[in-house]
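Two complexes follow with chain A in common, the first pairing it with chain B and the second with chain C.
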Partner chain A sequence: MADIRLSQVEKRYPNGAHAVRGVCVDIADGEFVVLLGPSGCGKSTLLRMVAGLEEITEGEVAIGGALVNDVSPADRDIAMVFQNYALYPHMSVFKNMAYGLINRRFPKEEVRAKVEAAADMLQLRDYLDRRPHQLSGGQRQRVAMGRAIVREPKAFLFDEPLSNLDAKLRVHMRVEIKQLQRRLGITALYVTHDQVEAMTLADRLIVMNGGVAEQIGTPLEVYERPASAFVATFIGSPAMAMLRGRVDGGALRLDGQPAGLPSGALKAPDGPVTVGVRPEDLRLAEDGWIAGRIELVEHLGADQVLHAALDGQGERLIARFAGAESLPADGPVRLAADPAKLHLFCPESGRRLAA
Partner chain B sequence: MKRAQFGHSPIPYLFVGPQLAIIVVFFLWPAGQAVYQSFLLQDAFGLSTRFVWFRNYEDTILNTVWLESAGFTLLFSALVSFFSIAVALLLAVRANEVIHAANAYKTLLIWAYAVAPPVAGLIGGLMFNPFIGDLYHLFNAAGWDFNHTRDGFDASFMVILIAVWKQVSINFIFFLAGLQGIPASVQEAARLDCRSDERRFWTITFPLLAPTSFFLLVINVTYAFFETFGIIDVTTRGGPGGATNTLVYKVYTDGFLGADLGGSSAQSVILLLMVLGLTVLQFRFIERKVHY
Partner chain C sequence: MAASEDIPARAAAAARPRRLRISGRTLANHAILILGAVFLCAPLWIAFMSSTHSAETLYREGLQFWFGDSMLETYGAVMFDTGGVTKNTTALTMLGNSMVLGLGFAIGKIVISMTAAYAIVYFRFRLATPFFWVIFLTLLLPLEVRIVPSYEVVASLGLLNSYTGLIVPLIASATGTFFFRQFYKSVPDELLEAARLDGAGPLRFFLDILVPLSRTMVAAIFIIMFVVGWNQYLWPIIMTTDDQLYTIVIGIKQVYQVLAEGGELPQYQEAFALTILAILPPVLVVLFFQRWFIKGLLESEK
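Presenting the complex of A and B:
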């Protein structure tokens, strides 16, 4: 058990790809941190640098207070669970779990006791003599977990460990991983591009984009105060609507029309802004300041989802309403949102404006 | 289990026909001829032929020259197979780790594959030529009184070296393919579990290469027994004094140069049985340890 500290970590691959750019984060002892981001944003690269499988081009990685930049993976005392599980195909389940312990010269009885304890915890007791190819996907996943926990490492590293499982098993294993990590109190760094997985597992989220950590915070912070337009649209489903507007003396204008918000409602400097509104923060209003045409209404039982094309902007937005109030299937529509629920971003940098 | 059966049609036989014809004409028929010949004794001029049952076999096995040749062949095959496999494995593992200019290394290592055994023998013969051979001079300059035309050990050393050099490249290709078939993530998981490179090689990489190694063992033993003929024919011709006379080469010299068809046929039948026996042994005792 230990904390993990990354300072100004950079990764440039030999072919010139700049995969990770200046990532700084302190992961506390026992914390569960999830790395989230679109494909190719450098999540795996960052995780693999912590594991020692990838060289650190610049910056420092410390585990438990000790700098590990030049420490070999086996000496970092971390365990990793791979997307394809990476079990040793020629070894039994028992040997798979025992291999790391045997190499660390644990006495035989202790190895057996530890492996059996882990097998009990993961309901693998009946499969210890089998080979990986004789197991189902979920069982293989559990063996991979078992291989990680028997060593009682300082930290767990997960690279999309659930993405090869079907939806139901994924939910089940997600809960199991979280409970296991809580019970063992081991620091965890978990890579995923599944938002739900990220939101439910994380104590803290790192949202990455193009090698940069765009935002680091609790899932709720990230959802409620996204630090950039990228984070705002990436987190939340359906995605947040983004409108082009201007702030003029604290009042918002869309397409030159005043948005009808009380002046001084927005604490942003004058100039162009991107206005973000979550689908659930929009409501229908006769005199609403967002005008558009309905393109499609989806009835999801508990919710209805409205897709609209905005007048004058060429943008689309999605609004979500609870309940079953009857919506017209097409025609013009006017929507409004509480000024406190608006997210303002700088159109150039995409950074959040103080609001 | 019940398999689906389709109505029989003659077309499949048409497709396997040419292959069967080749096997019959070029393997079964000559093999049958050899077995038949091995029971016959001809006089020196080929005028009369007698059926002598197992006389030719008795003569062969009791002959000290044949026994020496058999001993040399076994040792030669063991050394050639072992070193071809070991060197190729070492090179493949190393080449697989190279990141920069990896393809250049690999191509250079594979290149010798295109060389036929007699050509390999020719190249080797030149390298060891007492007048212009670089290796010949190198060994002598290094203080080894090397002369393969007079010394049996030196000659054996030379043919083994050439035979291994010729075979390493093909083994290398198979090992490289085998190594690339091991998932990178399995190797990475092992790097987290095991610090020592050497231990990781013997516990993860080598067992996962076992199917490849086993296949190569069978192929290499056959190579050492039969295909090295070309190398020996162009370098030592079995000499000096029969020191490098492998069984195949002896079959050839006795049968075609010595015109002892019966004895030579008996020798080739024995040789065939030896290789067959060795292959069966390999499958029985080594294949069991291989996990596919």
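Presenting the complex of A and C:
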């Protein structure tokens, strides 16, 4: 059990790929932090640098207050769960879980006791003699978990541990992982590109893009105040609509659109902006300031999802309504949103504008 | 209720014999295979049968096709008496020498090529790839090509007429290294990483994980190499002048040489017996390891 501190961590691969750029984060003892981002953004690389499997080009990684840049993976006292589990195929489940303890010269009885305790926790008691290939995917996943927890490490590192499971099992294991981590109180760093997984598991999220940590915050913070246009569109499903416009003396005018928000509605400085609106913040309004043409309305039972093409923007927009609301099936549509619910971003840098 | 009525019906269906369909094609295939088997086994059978007859019978009646009555005598003489056709050694000594050579050859090759491949695949040292290709190039230089310099080296080390001199020059193996290299490259990297996190050093990883995973490879290479080692001819015959170090393959050659030189009544039955004895161990190794090998393949782990 320990905190993890990353400061200005950089990774350049020998082939020149700049996979991680200046990531700084303090992970508190017992915290569950999720690394979220699109494929190739450097999540695995960052995690593997914490594990010691990848050299740190620049910056510092400290676990439990001790700098570990030059400490070997085995001596960092962390445990990792791999996407494909990486179980030793020729060893029994028992031996798989015990291997790390045996290498650390734990006495035999203690190894047995620890492995059995972990097996009980994960309902693997009946499978201790089996080989990994005699187990189902979910059981293998649990063995990988077991191998991580028997050592009572300072931290758990997970690299997309659930992506090989079917949807139902994934939800189940997600809950198990969270409960286990809570119960053991061990710091966890978890990589995923599934935002539902990220939102439900995380105490704090790190949203990465192109090697940069775009935003670090609780899931709610990230959802409600995305720090950049990238985070805004990446988090939330259906994705946030992004509209191009101009702020002029606190008034908003969308490019190519007839209406706009009156002056004083926004506090952003004058100039071009990108306006983000969550689908659930949009409502139908006769005199709405967003004009478009309905392309499709999907009924999902509890919800309805409206797809519209925006006039003069060449963009699409998605709005969500309650299932009971009556919506036109096609034709022109006017929508509006509460100015307080808008997210304003700088069109060049993509950063959030103070509003 | 429905289910319990179902069961006898299904059992009956299963019990009904499936119609055997033998097409002309299957028949032809079998005929070819049987013919081939007979063709391959007949000389062995004749050699074995002839070895159970006395020298006189063989001299008078030629090759034999059924058991004779002097099997124990002949095999006893070949195995334990010196001074027969094999001059100063017994077949037992020669079998022992061959066994040492076969085992030393196979085990030596496996150990050397496994460790070489391990170094090449898992250790980041400069020139690893060039080194590998240099090893691979030695395929172009089999022992027959470099036999004179090899002899020189072994002689100057004073290793003529020793097991060491017999085995060591033969065990460098480019093919073995190549096979193990390919195999190690197919082992997922995560396994190495998991082992590193589990505190296994390079030696532990090799012994605890790579070696057990290579079991089937080892069995396959062992079969092939044991037979190749057992059948080594040129190197042992050049290397050994002391007949206490003769292998069974050399022994056979000596026997037939004696027969060809003529003299008293030719001891054909002993020559046949020696041949049969020389074939047995490789056959047993193949039979024994083959089962192991197939079992390993069927388990298909990794």
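Annotations for the structure displayed:
One rule holds for everything that comes next: the second predicted complex is superposed on the first by the 349 of 355 C-alpha atoms of A that agree within 3 Å, B and C clash if a C-alpha of one lies under 4 Å from a C-alpha of the other, contacts with A are read in each partner's own complex, and residues count from 1 in each chain.
By definition in this document, a contact is a pair of C-beta atoms (placed from the backbone, for glycine too) under 8 Å apart; a residue touches a chain by one contact, two chains touch by 3 or more.
Since we're looking at a predicted model, the values are computed, not measured.
Upon superposition of the two complexes on chain A, a steric clash is found between chain B and chain C. Look at A:15: by the touch rule set out above, it reaches neither chain B nor chain C.
With both structures placed on the common chain, the touch criterion links A:53 to chain B and to chain C. Judged by the touch definition given at the top, the superposed model places A:88 against both chain B and chain C. Of the two partner chains placed by superposition, chain B and chain C are both touched by A:72.
Of the two partner chains placed around the shared chain by superposition, chain B and chain C are both touched by A:99. When the two complexes are laid over each other on chain A, chain A has residues 51, 53, 72-74, 78-80, 82, 84, 86-90, 99-100, 103, 131, 147 in contact with both chain B and chain C. Interface of chain B with chain A (complex): residues 99-100, 183, 185-186, 188-196, 199, 203-204, 207-208, 210, 291. The residues of chain A lying in touch with chain C in their complex are 51, 53, 72-74, 78-80, 82, 84, 86-90, 99-100, 103-104, 131-133, 147. Contacts from chain C toward chain A in the complex involve residues 188, 190-191, 193-200, 204, 208-209, 212-213, 215, 299-302.
Remark: chain A residues 14, 51-53, 72-75, 78-80, 82-84, 86-90, 99-100, 103, 131, 147 touch chain B in the complex.
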